[in-house]
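In what comes next, chain A is part of two complexes: it sits with chain B in the first one and with chain C in the second one.
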Partner chain A sequence: MFKKLFFIGLILTFSSIFATSEDDLLNAYRILKKIGEYENKKKAILVFQKFPDRKRVIAMVVDLLTYNYDNPNFRENDQVAFYDDVIAEELVKILDKERLPSNFPAFLRIVLYSNRHREQTVKAAWQGIKNIDWTKE
Partner chain B sequence: MKRAIFITILTFLMGSIFSQENVLGSFLSPNVPIEAIPKDLALPDNVLPFLKKEFNDSIGKKASFDVQFKIVLLITKITNVPSKKYDFLEEIITWDVRSYIKTEQKNIIVSPDARVLAINELVKSKDNKYIETLVNIIERDTSLHPRIAAAKALPLLGDVKGIVPKLVDLLRNQYGASRAKFKEEDTRRFEDDRVAQAIIETLGDIGDPRAFPVLLQTVMNPDRHRDETVKAAWEAMKKLKW
Partner chain C sequence: MRFVKFFIFVLGFSLVLSCGEKKAEVKPEEKPVEKKEVETKKVEQEDTSFNTVMRILKEALDNEKTASDSATKLNTAKAYILVIKFLNNDKEKVKQSGMTDRDIAELKQDARENATVRLNEILSSPTAPKAIKDEAQSKLNELKSL
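And then the complex of A and B:
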């Protein structure tokens, strides 16, 4: 009886860790659109990393990188901008894992306008371009 | 029962903490070295529409020269054979010439450095349909370095004997052989003479004897050129294939 209960508990635990709902995704997207809130954004990134519908996540990440993390006034000594760009780097890495040709424009913007990002983010974008599998649809 | 619930809660908490820490450990990496474009980067023609869009968007914008240079650098990484990149490179090279208005004031739209890089990549096509493009740059561009690059790159496009009369004409009428005395303080004339030197060197490389009269004119009128140009004319004369 105890063994059974323990087993069910274990399953519930893991499912609660790994399963991410639609609401979680939308909430994470909303948080990532904001300026600042680094700690919340780190959690939001985790939701993006875990969400199973990758197409939706990729579309959101591309949208975020294009419209929310492309800061023409970026300065390394601006703490908020700096940590937002740390998030941008993580978003780039999410795209990198997919290796999709359709992600090229998002990477391209970052490498072309490199003064809007930290070196690490630019480097990650170059790596993303390099890793694209051009045979993928 | 209580024990089972306790273990379940404990497992849940531990799982949450560890799953987050594993991922968040990669967040701040302060010692990543600076890196330019990866050396082994290979791109397909599929990227051209995106590069074109970014290039068009960069026109007239602040810091656009830097962006344009990177775009051309990315084009050089396209490895398709044959490739559509050469037509786009031609577009980039001739951008300023197409919007050319003959005034004393230079109005540069596309980065001269990007255009030089584009010219050097274009000649790799070895397609002589671009000969006219380069001659057009020598004749009409207002920036020094693209003109020099175009003049020097011409022989790499294959059989260019057909354009010798045009080069001779440019050298005689536009680039100093028939002009008044050379003055170093005249910036425009100084730049023109550097282009003249490049044209003379190219005429030497082509080796067509039809270039002899203009080369002779150059060496016989040293006051119309820099010393380097006159020396280049002597060298070019030696290379003519009679």
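And then the complex of A and C:
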């Protein structure tokens, strides 16, 4: 009996350490909405990659790409804008993995305004458009 | 007798002429058929399916990275116009991608802005050839109607 409880406690402890909680997701979303903070954003991207409710993550990523990572004043020699766009590329890759038709508007916006992103991000968006599985829902 | 021969000659000649005239009347009827063929070709070129529009847009934007002449700008503007037509016509894909009316309006506005900038650049360019300027003007008019 004591052994069983010990193992349950052990599993709960590990899962609480490694599992990504709702709070982690919301915190990651809040960080990704900011400008700059590249190192924190890299950690937030990891949370987005791990979170099990993919539909929620996708909705957040589409929102971020549309409203927070579409920079009309983008310049490659602006360090903050440059590293923010590295994060945008990672967000595009998260969407690309899902291959959902609902990713299309975010990808199309990136390729329409290709001068607002690095070439790598635009390439990733084109790849995403190519990879969309239109039979998915 | 000479008069009879002359009369037969005139009669024959007038018959030849009248037959000739009939043949000449047939020719103009053939021309509209050719026009119809040209019109159908134009319709065939206007393919607004997803794969075609995306391929044309990608090619146009890639070309713009290495060239900035008026012909290249015109091609890119045409590609943006095709995007608007795709968003207007391909209801199935638009619905599948879950675009709201606001999304569609914004994306069409983005494409319209990008096309207009390029077409205005061509029209204000002192070096752009007249034929390209004329086409740019007609595309600008088309854009207003979309």
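The definition used in the following text is that the second predicted complex is superposed on the first by the 119 of 137 C-alpha atoms of A that agree within 3 Å, B and C clash if a C-alpha of one lies under 4 Å from a C-alpha of the other, contacts with A are read in each partner's own complex, and residues count from 1 in each chain.
What we mean here is this: a contact is a pair of C-beta atoms (placed from the backbone, for glycine too) under 8 Å apart; a residue touches a chain by one contact, two chains touch by 3 or more.
As the structure is a prediction and not an experimental result, all values here were calculated from the model.
Once the two complexes are laid over each other on the shared chain, residue contacts for A:105 go to chain B and to chain C alike.
Judged by the touch definition given at the top, the superposed model places A:129 against both chain B and chain C. When both complexes are overlaid on chain A, the residue A:113 reaches chain B and chain C alike. In the superposition on chain A, the chain among chain B and chain C reaching more residues of chain A is B. In the overlay built on the shared chain, the residue A:35 is in contact with neither chain B nor chain C.
Overlaid on A, the two complexes show chain B and chain C touching the same residues of chain A, namely 101, 104-105, 108-109, 111-113, 126, 129-130, 134. Per the touch definition, chain A reaches chain B in the complex via residues 2, 5-6, 9-10, 12-14, 16-17, 42-43, 45-46, 49, 86, 90, 93, 101, 104-105, 108-109, 111-113, 115, 119-120, 123, 126-127, 129-130, 134.
By the touch criterion stated above, chain C contacts chain A in their complex at residues 54, 57-58, 61, 80, 83, 93, 96-99, 103, 106-107, 110-111, 114. Every residue of chain B that touches chain A in the complex is listed here, in rising order: 1, 3-5, 7-8, 11-12, 15-16, 19-20, 23-24, 26-29, 32, 34-35, 37-38, 40-41, 43-44, 46-47, 50-51, 54, 63, 67, 70-71, 74. Of all the residues in chain A, the ones that touch chain C in their complex are 101-105, 108-109, 111-114, 126, 129-130, 134, 137.
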